Structures are given as C-alpha cells and as structure tokens.
Amino acid sequence: MLDKEGIAKRIAKEIKDGYYVNLGIGIPTLVANYIPKDIDVVLQSENGLLGMGPFPFEGEEDADLINAGKQTITMLPGSSVFDSAMSFGMIRAKKVNLTILGAMEVSENGDIANWKIPGKMVKGMGGAMDLVASAENIIVAMQHVNKAGESKLLSKCSLPLTGVNCVKKIVTELAVLDVLPDGGFKLLERAPGVSVEEIKKATAGKLIIEGEIPEMII
Amino acid sequence: MLDKEGIAKRIAKEIKDGYYVNLGIGIPTLVANYIPKDIDVVLQSENGLLGMGPFPFEGEEDADLINAGKQTITMLPGSSVFDSAMSFGMIRAKKVNLTILGAMEVSENGDIANWKIPGKMVKGMGGAMDLVASAENIIVAMQHVNKAGESKLLSKCSLPLTGVNCVKKIVTELAVLDVLPDGGFKLLERAPGVSVEEIKKATAGKLIIEGEIPEMII
Amino acid sequence: MVYGQKNTIFTSNQLLNMNKVVSGADEAIKDIKDGMTLMLGGFGLCGIPENCIAALVKKGVKGLTCISNNAGVDDFGIGLMLKTKQVKKMISSYVGENAEFERQLLSGELEVELIPQGTLATRCMAAGYGMPVIFTPAGIGTEIAEGKEVRNFNGKDYLMEMAFDADFAIVKAWKGDSMGNLVFRATARNFNPVMAMAGKITIAEVEELVEPGELDPDHIHTPGIYVHRIFQGKNYEKRIEQKTVRKK
Amino acid sequence: MVYGQKNTIFTSNQLLNMNKVVSGADEAIKDIKDGMTLMLGGFGLCGIPENCIAALVKKGVKGLTCISNNAGVDDFGIGLMLKTKQVKKMISSYVGENAEFERQLLSGELEVELIPQGTLATRCMAAGYGMPVIFTPAGIGTEIAEGKEVRNFNGKDYLMEMAFDADFAIVKAWKGDSMGNLVFRATARNFNPVMAMAGKITIAEVEELVEPGELDPDHIHTPGIYVHRIFQGKNYEKRIEQKTVRKK
C-alpha cells in the first residue's frame, strides 16, 4: 500500500519530457518533488504563472508571488506571468498537457466529483471545473476508499459532479487504473504488497482485470 | 466653401477634453493638426497604440512604429502598445469616445458606405466595420458631392454598406449636419460663403432646416 | 487621398496629460452607492486593493454585490466588508478561508454565487472586450449548467456565459501613471487586468504613481483608456495567506 | 490535507529547459505542406516573419490559405508568395497595396475573403483561448453578415464568428528565449501575439534569441506554452511602407 508520497512518486512517472503540467492542491502538489531529473517540465499555476519553482527560502517569500493554492513560491528562469483570462485561455485551448488533481469520487465513465458535499459548507470549485472540462489528459490522485470505508471508484458518482467523461487515469494507495473510453476501470498495476482481491473489494464500479497484474515499480 | 484642411479644422472643434479619438485615413488624419491646445486628447491607432504622436523627424523613423495608415509615427509620454485583439476589444467596449472617418455615401438614417464599389477592385474594409459597429460617436468627414457631381448624402445608400444607423454628424466642404435619430440630415452650419440653397441642391436625402442657419466659425 | 503628410504640429505635452489622479481611496470611491455591483481584483490576499477596501468599510456603503475570485479572510481583504455586513452577494470561485463568511451564508444573511474560476475571468474579459457572451465547456454536465444555454461546436458542448456588468472595478497595480496606465507585478496580476477592463468606472490603486513616460509603452499591462481614477495607495500590508518556505 | 509543505526538491535547471530552438527558417517550416492553412503575423510590412516567408518561397509549397491582415506589397512580404503563385486563398482585412494580387484576383487565380480587422484579430484570439465562437457587431447590416447567425443581446445585434483553425501560425517577435517566450516591440506587436496563440503549431522568428531568465517574466507578451519552434532570424530588412516625416 502506498502513502501519499508514494502516490505522488508513481504519478510522477506519467510525466513526459516537454510537458506543461497543472498540479492541483493536495497529493498532486507533492508530485513536483518526484519529477524525473532527466526530463524538462513546466508547471502551470492557474492564477497566472508558467514555470512555478520551489518554495522560497525562509525570509525570501514574496507576497506578490503565490500559486493557485495561495502558497508562497518562486519563479524559475524562463517563467512567464499572465492574467487569469489568459491562464484559463491556455487551459481551454488544451495547451496544458497534463492535469493532476484530487477527487472525492470518480465514476467508471470518467466523471469526477471533487467540489461539493451536500449539507456541508461549499467552498467553491476554483479552477477545477475549467481544468476537467478542457484537459485532454487528466490523472486523479486519491485514496481508493473514503474515511467511512466506501469505495470512491463508482459506477456512478453520488456527489455533485465537477466534470463528465474526463478522467483518464487514477492512482490510489492500492492501484493504477485506466478509465476506458467505453467505461470501466482497467486495472494496470497493484501497489506493493496489495492483492488483486483487495483492489476488487475496494472498487465499487466496473473493474476490468485482464491477465496477470504486475506490481508497480516506484 | 472649405478645403480639406478647413473640414479638418471644423471637426477638431468637436473634440472634447479627455477624449480618446480614432482618426481614419484621409481628411480625418489631418484633424490631429487642429486639436485645440488647451485640451487633452489621446489618439488611438487600431493596429495597437494609444497615444499616437506626430510623424518622426527625417532619419528618426522606426519601421516598428506605424499607424493604421501604415505611416511612420512617434509615441508620446504615456503611450501604450497592445495587440490587435485588445485594440478592437476597447473599440467594441466603447472606450474610444470619438471616431472620425471618411465615407463614400451616408444615408439619412446614418448608414455609411465607404469600403466597396461594385465592379472595382475591392481593397478591404480594414477596421472600418468594427469601428462603425461599436462607436457611439461617429463623425464623417467627406465631400458633399462625388466627382460626378452627385450627392453623397442620400435617403438610402446605393453602395454596399459598411455599417448601419451609426453616423451622428457629417462635416463637408459645404456644411455641418447632424444625422437625427429618427432620420434626416439636420443642417447646423453653413461653410463660409455657402448658401442654404447650395446645400439643398447638393443634398439628395431628407434635409431638415429650422430657422436661421449660422455660418460656421473655424 | 492625402495621408496627413502636412506638418503635424501637436506637441507631446499638449496631447497626453489626461490627469486621472485622485487624492486617495476616499475620493476614488466617493460615488459608490448602496446596492451597486463591484469587481475587486486579487487572488486570495494577493494583489487586492487594500486601500479601497478600507475606504469602503469606512464609508459604510451597504448591499453590495462583489465579484471577486475569493472573499478574503476573517480580518483582511473582503472579509473586512463581510464583518460589517456590507456585502449582499458574493460572486466568486472559492470562498474557503473565512469563518464569518460561512456563518452569514448558513444563516441566509449572505448570498453566494459560485462560478468556475476561468468562467469568472473570461466573463470579465468579455465585458472589457465588448463581447456580450462567451462559450466555455467549464461546468458542462454539472449543476453549474442548470438553466443555461448549452451549445455544441465541433462535437463538444459549451455553456453560454454572459459578460459581467459591474458599476465599478477596483484594482491594485504595482505601478501606474497619471494617465491610468498600469503595470502589475508577478502573480499579483491575476484578475486585476481583466477586471480593470470590465468596470463601467475603473479605480486603480498603485504602490507607485509615476509620470507619463516613466512606464515603457511595451510593458504596460492595462492601457489607461480602461482606467478612470488612480491614486498612490499607502500602508500596504500585503499579507501572506499561506507562508510556505524551504530550508537553506 | 497536505499542501506540499515537505521539501520541494526540484531545481531550476532541471525544470525549465524545454529547448524549442531550431536551426533556422528552413527547419522551422520543413513540414508545412501543400494546401495547408497558415497564419502570418504583421500589419502591413510591420512585424512580418521575413525569414519564414523567404523559406516558404524557397521551399515552393503551394495551394496555401494565408490568414494575414494584409497581403504585402509586390516585392515584399506575402507579395513574394503571391508572385510565385503559392497562395490559393487570402483571408485578410485589407489588401490594397499589391498589383500582382489584384491581377490574380481579377483573373480568378486567387481567392480572397475579406473580413473586418477586429473580427480577424478576435477569431485568432478565440482559437488561442479555446473559445469556439465570438460575437461581434462588426458587419451587422452589411454583406459580411450574409449566411451568418445574427443574435441580439441587450438590444444590440451581433454576428457569430468562428475561431480560426490554422495548421501553422508564423510570427515575428523582437526577442525570444529558447523556451519560446516572446516579447514584441512597439506596433510590430499587432497580430503577432494573437496568432502565436492560435496555431496548431506556432513558429516564432526573433531578432534576438536569448537564454531563459533573460526576459523579465512580467514583460513577456506570449508565454512559451504557445510556441513550438523558435529561431533567431537574419538579415531583417524591416521595410517601411509609407515613410512619413516632419521637418526639424
């Protein structure tokens, strides 16, 4: 079973040389720490920055320089700043190659719910609806089951949707799964020490298992 | 009767303090020379400049700095440069207070034709259609009659239109006229030495004459 | 045709002296009235118009509809106007950092309209670019799409979203000149330029007010034509919402 | 939730080295094929991609549809491609300075679609901003509106115009870095940034190619994400179409 860092590590392997990547809040933010050293990647922050760098050194933080999670960050050589309209313009125009975000639920047809729980205070969707509606390559980083022990990989989402037919891949503490174009979670890899049976038990939606499922290498 | 400089001089009196103004090619360009010295005006060039200055001194021309008529120009303190999308954005959003342009024909309901003569090579409308479709205050600078001696102030335009219901005022070598919201050319001023009778003869569309028509002061 | 080759005689100091400078925030906001719709620039607490917010609190104008990506925190930013119950409605994409906000919302004192961040930004831009509507796929298949026109272009569904119509836009820039030209710094740019374009009246507060000519025309983010009032703000706190650092 | 407060270990030279530099115009345009649609930046002869136009003439690719505000003059700019009959169709707002253009048009060899300048610019921007259509009042009541959807918003009629769909956008910038970030100079900016956003593949030729970090992030007009190939051009003529001067 993977911890959060492990999920982030595994997702980092999906990032290819030359990608522009948008990382959501939570586990996705951790992915930046594990981008392979031999590839070139630019991180987009949807408040209006390409080329997000690491957190500043203590005392060097700049109130005018934050990421979409409102954290103080730095710029790197080659960074560019733009307004929020252009930022979502490049997202809608599919210039961002990969979007990694968290979710509360994903359905077997790729719907995602991650912004609202009825009866609870709703904080807002931020840029998530824009990202999932336009991105061509969306990976969800999340726990396989919620705190109540219920599967988050469903045949149909029960929570209000953020977007439809958009998630391409899911990485959880248990497994890596593709969401197939015709529906269904195709099991690709097991987390170290996790059995196919455990994944079956934790997956409420249609799970597709073909042949031997390898243990992931992270 | 006014010459071209005279028409430009008369139009310049319509420009108010604090106006952003777009000047078309031809007589409108000359208007810049006669803007009263005691008011502040910014000229917009729709290729992407606010704060167009005078022509450069010989030897100081810059190929990267031209106006919408493709003439070498200069910038002034406070100028700003932007792309063509923003340029027409501010035009559509009615941020430009006054547009002055030439015309082949104007109709009594404010339609304007100034881009195409059937049977002749059509060069294009450039930014004219955008300007006339959005500007709230449009003054046409033109000759009252064409080279064949036919009136250019018509009940209905015969040439393909550039825009509809848009011209607010016309200044010709003979007269200053308002285009009334309900239709009709209302005669406001006669050019020096020009009689109301001469203006009547040169105007094919509905001409409205009320009371004594003063001679213009330029 | 004559292309104006005759002497163009206007001089620089004649042409460009449209002075839009006001004395300060109080004068800038003096005609903002109860019930008006305001756009407020900033993302989180980054790049917010601190001086104007303070002046609005002081003035006590009420029943405002505020279009702003966030709602500040309890004791800073728009949170200050929420505390004094001056806001009737917030139009935002994310309002998560504010306990008083939550209390007013749950008690029904405050109305909130949550819209996707890109839709928010683009509806501002649409206003500034004279486009009545824009089409975006954000929200298709979700409750955001309810009651809105959905239209398919090239095989993909889009929502029609209207340009905003705000009485005032209030933005914060790094530098500005007396003609209203603005330059922003780093990610404090965010919504500020698109809102600056979108207000019927646009107020800009700047950290440094300079003379025309001091800003490079190629570096200006918001041309002065979009800005109606400008002043040099003071006592900027520029509070950091989430200080994250690494060790040397 | 964890907000990534753990050490973020990536280093600057790891992250931002997406090298988009090609050897020159010939390599940049090598996969432009007969019948493709190209956007070409510039207004008149100002800010045109001189090197790429020369390479296109040399390559002899034919049957092109060119989206460009103007069509150059007889012996410069797109005029050079017209002379060699490489252009099947021009989409422009004004094509007045070109005798060969006129001859080909009248003889039926060349097709031309004239569209308002603001519509041209905004259809580029729409492509770059992922907006399938825009609404503009330009052309309402004229022959430009024929066959197009007209829609009334707030009492005013607008035409629906589609985003452009171009195989390549070819632009000229003043400076650019190896990651494709671009800076334009004065009114040579014109259509270049909006076209740079709009191409499926965008080629930028620049007067000066610099290393990442040499351009101020706040001054970049076109972020590198929109640019796929970049090179430092040579022998810029920068011809002036209408030299107008005044006496000292």
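List of remarks:
The chains carry the letters A, B, C and D, assigned in the order they are written, with residues numbered from 1 in each.
Convention: a contact is a pair of C-beta atoms (placed from the backbone, for glycine too) under 8 Å apart; a residue touches a chain by one contact, two chains touch by 3 or more.
This one's a predicted model, so the numbers in the text were calculated from it and none came from an experiment.
By number of C-beta pairs in contact, A-C leads over the other of B-C and A-C.
Note: the chain lying farthest from chain C is B, by mean C-alpha position. With each centre defined as the average position of its C-alpha atoms, the distance from chain C to chain D rounds to 30 Å. Rounded to whole angstrom units, the spacing between the C-alpha centres of chain A and chain B is 56.
For the pair chain B and chain C, the distance between mean C-alpha positions equals 34 Å. One simple way to say how far apart two chains are is to compare their mean CA positions; for chain A and chain C this gives 30 Å. Contact with two or more other chains is made by residues 49, 54-55, 69, 71, 75, 81-82, 85, 88-89, 91-92, 134 of chain A. Residue positions of chain D with contacts to 2 or more other chains are 3-5, 7-8, 122, 129-131, 136, 184-186, 189, 217-218, 242, 244, 246-247. Viewed as a contact network, the protein chains fit none of the simple shapes, being neither a path, a ring, a star nor fully connected. Of all possible chain pairs, the ones that touch are A-C, A-D, B-C, B-D, C-D. The residues of chain D lying in touch with chain A in their complex are 1-12, 14-19, 127-131, 177-179, 181, 197, 211-213, 217-218, 220, 223-226. Interface of chain B with chain D (complex): residues 45-49, 54-67, 69-73, 75, 81-85, 87-89, 91-92, 111, 121-130, 133-134, 160-165. Of all the residues in chain A, the ones that touch chain D in their complex are 4-5, 18, 20, 25-27, 29-30, 32-33, 35, 37, 40-44, 49-51, 53-55, 69, 71, 75-82, 85-86, 88-96, 134. Those residues of chain D lying in contact with chain B across their complex are 43-47, 69, 92-96, 102, 105-106, 114, 116-122, 124-125, 136-144, 174, 184-194, 221, 238-248.
On the chain D side of its complex with chain C, the touching residues are 3-5, 7-8, 122, 129-136, 153-154, 156, 158, 183-186, 189, 217-219, 242, 244, 246-247.
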